[in-house]
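Each of the next two complexes has chain A plus one more chain, namely chain B in the first and chain C in the second.
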Partner chain A sequence: MSRASLSVTTQGSIRRRLLFALLAGAAVLTVAVYFMVLSVARQVAQESQDNVLSASVISILDSARFAGGEVIVDLPYSALSMLGNVSDERVFYTIRMGDEFLSGYPDLPEAASSLVGAIGFHSQPFLGEDVRIATLGRPISTDTGQELLRVSVAQTLSGQQQIIARISRTSVAIGAGLFVLLVLLASLIARSTIQPLDRLAASVSRRGPEDLRPVAAPVPSEMEPLVVSLNSLMGRLQMSLVRSEDFIAEAAHRLRTPLAIVRTKAEIIARTAQDKATTTGVQEMIHAIDESSRTAGQLLDHAMVTFRLDNLSKEPIDLNALATATTDRVRPLTDLKDIEISVSLGTPVLIEGDVILLQNALSNLLDNAIKYAPSEARIDIEVIKAGDQAVLTVTDTGPGFPREELETLADRFARGSNATQVVGSGLGLTIVKEVMEAHGGAMTISNSERGGACVRLSFPSS
Partner chain B sequence: MRSTVLSVFLIPMMMVASFAAAFEIEDRATFGPQDGQALRIISTADIGFFEPMIQSYLAEHPDERIDYIVASSTNVMQAVQDEANIFDIAISSAMDLQTKLANDGYALRHVSEATQTLPDWAKWNDMLFAFTEEPAAIVVSKQAFNERIIPRTRHDLIEALRREPERFQGRVGTYDVRQSGLGYLFATQDTRASETFWRLAEVLGALDVKLYCCSSDMIDDVKSGDLLIAYNVLGSYVANRDDRDEFEIIMPEDFTTIMLRTVLIPTGAKSPDKSREFIDHVLATSHDTGAASLIDPALGLSQSSAAVNRIVIGPGLLVFLDQLKRRAFLTEWESAILQEQ
Partner chain C sequence: MRFLLIEDNAKLADAVVDRLRLDGHVVDHAADLETAWHFTSTTSYDLILLDIMLPDGDGRTFLSRSREQKSNAPIIVLTARSEVSDRVGVLDLGADDYMVKPIDFSELEARCRAVLRRRGGESSNVLMLGAVAFDSLAGTLRIGTTETQLRPRELRLFEVFAKAPGQIFSKTALVDRLFSYDEDVSENAIEVYVGRLRRHLAGTDVGIITVRGLGYKLEVT
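Entry: the complex of A and B
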């Protein structure tokens, strides 16, 4: 299985999309708040200016009286000085009686009022600057009847603009603060929203390769369909795996007996055959039969290993004893090929595990070594305790592993490219690796300095 | 130094044809090199009063030429309002008229380091800048009041005048508020501060008060003995004289009106940048502590005193310029001072 096929085509990210949506919302909200504050400030500043202008207009109107045949307007000092109290403002006013201009700035326009008797306001430029004008009229009784006295007072807007500028700066600060807060909230929300997905992914990827149990931890309702599908997929996968393992074991088992019979018959024929051609042919037949039965045996081994791994027993095992026993079992084979096998033992090293599986794994390693090593080669088995690990190393003086295939050799049915002349199924290293992983250990394969293969099994020692 | 760098021309009392609108020039002086574009200043301040400021400016800018023209406050205002006249700086003691000029858009705004460090009362709308504080004082000749108690308040003054009417008959003086912008400003501010002014006006009227256009004339007459008392005289003018020891400058203890002499840049200024430079110099010189101010510290203005009534620059000053208000005020003033039956 290559790494490329593990990668998934991704499109976008839920977290990023969520974050982006939240940030966009936050930005819109911030801008809205800024303009809201500003518009309220503008309104308040305008109203307070209008109030002062009203007070000024009213105080001028109040100072007017009719005496001695003419209208006397005794402009109160405060009427204009109050307009400069808050900020330096240019001030204009005009006083009119009917159509007659009485005093002030004759060009100053009047602000029309929407209601009779109510004060009118108007903004427009005057003498080079924008001004706010307030106008109010008051009937005055004269000799010739009632006349309307109208007073307009105008003021520049610099104070108002200062207030707005100040509040604008404040609202920028408020907006920035709000935005920062919303960004923090958004990232928190995005993270907490995505958390169940992360948890599910983590719990699935933490699992061992053989763990196909359904996901049992509670998940949010939106993820239920995904988890249900995932569980059902794993269930089907599990069933299909079990079925194929069973099938393979059954098939191997059924093949072995007929193969043994065929081999026996073939040997008899080989022994009794007269002509050389027949003998050679039958020898080749026996060789092929050996390969098939060895494969069948290993498939059975593997099925056994798989079964035992599911119900792994934990008993104390002395790694030294295990190494010695297994070596003794293969000694007839090594003698046959003139291979020298030696076991180097250190202090007693205890591990926990399934003795049958470990024996099987070690015999597989030794089988491999014997099989691939030439005559008169050496196989060294060494047990040492390195730190909190128990390490068993098998080194031979054979051809070693092909360098470029070190990574993939432990995969099921993979065989070294230099092993085509040798009987083998490619299951040996797979079995070793699975057994080691089940014991919480690891298998490392490499080539020794002399060129031979070196397999290192490390266990957590008990 | 002056002989090498500066030359002074005095052209007193003349009508200058180069001004589009003819107005009365009281005095004129040119400072600095003869050639080149002059910075033209129109001012109500006497040359002698303002010259130290010009000299200190020229000491830093020896290449500049300054044309200094003295006119009455009303003429200063008219000269600035008439766009045909080109002045780079307008200086006046009539704060109300200066305020009106600025308010009506005849002044350029000016913001600089020097203006930003000014206290709030010394600037208005970045157009008008105050560079002196000058009290309206009662000035008497020390000789004339040799043995007598010098009045310290308006109330004391009224009492003194009433006690010896024959002695003071025709020998008291004050501004003619119809002619003098500053006199009008002082009088109107007096009425705002206290009703005493009208009582005093009645008493002055009864004593056949002499009316003047200018502080300096009044001071001269006090010196010559024609006047025993001058009311609402610029104390700063007395303090700047060489013979100031002959005078008693009385800052009335009931309240002392303080005029702020103000400067502005007319919109028609030919070289506003030079104007700004000059104004910055004036403000720095007059407002920095330790710098030589135009006002003699001997005037002893205690800023914290409750009696000090500093006139506030602002739209309030426009009130007494209102034609109805002015007419009413002058009517009342004339009836009190002139007492024509």
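Entry: the complex of A and C
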């Protein structure tokens, strides 16, 4: 099972969702702030204009007096200059007493006041422009009695509108700045919220395949159920791995002990039997027992290899030392058949791998070579460094792979067929191939120029 | 040779003891670790065959304990487990070699020979036959000052003859000793090896004689 096949259907991302929610909030907030600033600015601008207008109205009223039978209003210079000079505003006024128009623009409407003695304000178009009108009435004593003197002052709104436009531009800038700030803040919040999840994911994926200990690092309380389930899953996995390892060992024991008894008894009979028929028969039995124990061994090896490949742990291995040790192990077997076995070592070659799997792979190759090579054959093991690859070749002077088998073997491997189809030498080679692939290497089989089998293992050297 | 077999399966142990006795070895059998300790404390063995799964403990404890006690009897572990890690483990614990059951006795003999050779041959392994000094461990024949290195199969064949000078061995018996059961060989193959031995022995007082219709025997004249 390779890592690439362990895909998961993903839907959405918590980080993205959180970020989007925060950004949407930030946008709404920004727009609200913009309108708030704008409305406050409008209000402030209006209030300040109203203050100036009322000051102007009051100063006109203050200057009014009754003398010589008529109302005299000295328009104080300041009363209108305080309005007119601010910008290019146009200023209008009208003074009325009772229903009588006294001075100013006769058409200028008055702003109604809700209270007597309180100043009234009103906005409306006048002479093609928007104006703000302030009106205040004050009783004045005349010879005919009390009259109400009313003064209205109006000012165009263009200046105020300019101010508002400027404030609006400023508030757009403020809004944009605020938005940028909120975006930064949102991504910071999103990251710090996701951090415990990321940390958990990293601590789980960083551990080696054999590390099935429970997660011990502290996690936020919301993640507790997930981590508890993960820990219990790892516990169960650990147990099932131990069980399958025990199963392989137990199966091997149960298979091999009876075979050992039968084989030993058969050897005794073969050695002591007096008639040729018995001897030949028993020898055939022994041959069959050897075949079946070899197959059982390869099946168990295959199970062991599969098990270890799922839990591959690598360490630096000297390919030369591996070749020497494995060869020394089989030397008594080659002695039995007068086979000469030699190892040719190059410069020290380090590879990364599981020493047990690699030893098993090489033993399988040598077993095959010894089994199929005739008496007095040669088996040559060579370790060389070719570029950035470490290469181990096992060549024998036996009959080689039968031509058609060479093709079908390569074909079977290409198809990645399972063990049951390739019991025999094929299973041994399947084991070798699987081990090689797990180590990022490759196995190629061919027949040497001399006709013997040649198996080449190439590893990426470390 | 004197063997100690430590194996809890009684049927297998009986068969192995019988089989080793056929080759003329002396074998003691211990069915558990306690018995094994008793044997090793009173007798010295040429070779110990040790099973891993035993009723009163693990064979590996026997290994490490006997290495701690500086016992230098070679130990070959017999394991039913195919797990290589197991086999490598026993080598680390001080086993001289291991074999996976079922035991091929010619392989066992070859492994014993290799173990004893590694341990360093003793002078008692040199057998004098007339003018020929035969070192079965080194696999050499010394005739005067010339030393001939025998190939493994020549060595095994000569050993069969040398252990029982004058005894007649049939071709069938010799094929049995020389070839494994998965090799398909005719009895005539023996003639090739006998021929080679005769060449090595040419000009000495040791000869391998054909006994017509019966087989071969070694004679010192």
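What we mean here is this: the second predicted complex is superposed on the first by the 268 of 462 C-alpha atoms of A that agree within 3 Å, B and C clash if a C-alpha of one lies under 4 Å from a C-alpha of the other, contacts with A are read in each partner's own complex, and residues count from 1 in each chain.
The rule we apply is simple: a contact is a pair of C-beta atoms (placed from the backbone, for glycine too) under 8 Å apart; a residue touches a chain by one contact, two chains touch by 3 or more.
Fair warning: this is a prediction, and the values are worked out from it, not measured in the lab.
Novice: Could you look at A:73 and tell me whether it touches chain B, chain C, both or neither (first, second, both, neither)?
Specialist: Once the two structures are laid over each other on A, A:73 reaches chain B alone.
Novice: If you tally the residues of chain A touched by each partner, is the higher count for chain B or for chain C?
Specialist: C
Novice: Just chain B (first), just chain C (second), both, or neither: which does A:279 touch?
Specialist: Only chain C is touched by A:279; chain B is not.
Novice: Applying the document's definition of touch, where does A:89 land relative to chain B and chain C: first, second, both, or neither?
Specialist: A:89: touches chain B, not chain C.
Novice: Looking at A:380, would you say it contacts chain B, chain C, both, or neither? Reply first, second, both or neither.
Specialist: A:380 sits against neither chain B nor chain C.
Novice: Regarding the shared-chain residue A:434, is it in contact with chain B (first), chain C (second), both, or neither?
Specialist: In the superposed model, A:434 contacts neither chain B nor chain C.
Novice: So in the superposed three-chain picture, is A:147 touching just chain B, just chain C, both, or none of them (first/second/both/neither)?
Specialist: neither
Novice: Would you check which partner chain A:102 touches, where first means chain B only, second means chain C only, and both and neither mean what they say?
Specialist: Touch partner of A:102: chain B, not chain C.
Novice: For A:129 in the superposed arrangement: first (chain B), second (chain C), both or neither?
Specialist: Touch status of A:129: first partner only.
Novice: Once the two structures are fitted together, what part of chain A is touched by chain B and by chain C alike?
Specialist: Chain A residues touching both partners: none found.
Novice: Per the contact definition, I'd like the list of chain A residues that touch chain C in the complex.
Specialist: Answer in residue numbers: 248-249, 252-253, 255-257, 259-265, 267-268, 270-272, 276, 279, 283, 286-287, 289-291, 293, 297, 300-301, 304, 331-333, 335-338, 355-356, 359-360, 363, 371, 375.
Novice: Show me the residue ranges of chain B that touch chain A in the complex, using the header's touch definition.
Specialist: 102-105, 123-126, 192, 312, 314-316, 318-320, 322-325, 328
Novice: Please output the residues of chain A touching chain B within their complex, sorted ascending.
Specialist: Those residues of chain A that touch chain B are 72-81, 83-84, 88-92, 95, 102-105, 127-129, 158.
Novice: Within their complex, state which residues of chain C touch chain A.
Specialist: Its residues touching chain A are 9, 11-12, 15-16, 18-19, 22, 53, 80-86, 88, 100-107, 110-111, 113-114, 151-153, 172, 176, 180-183.
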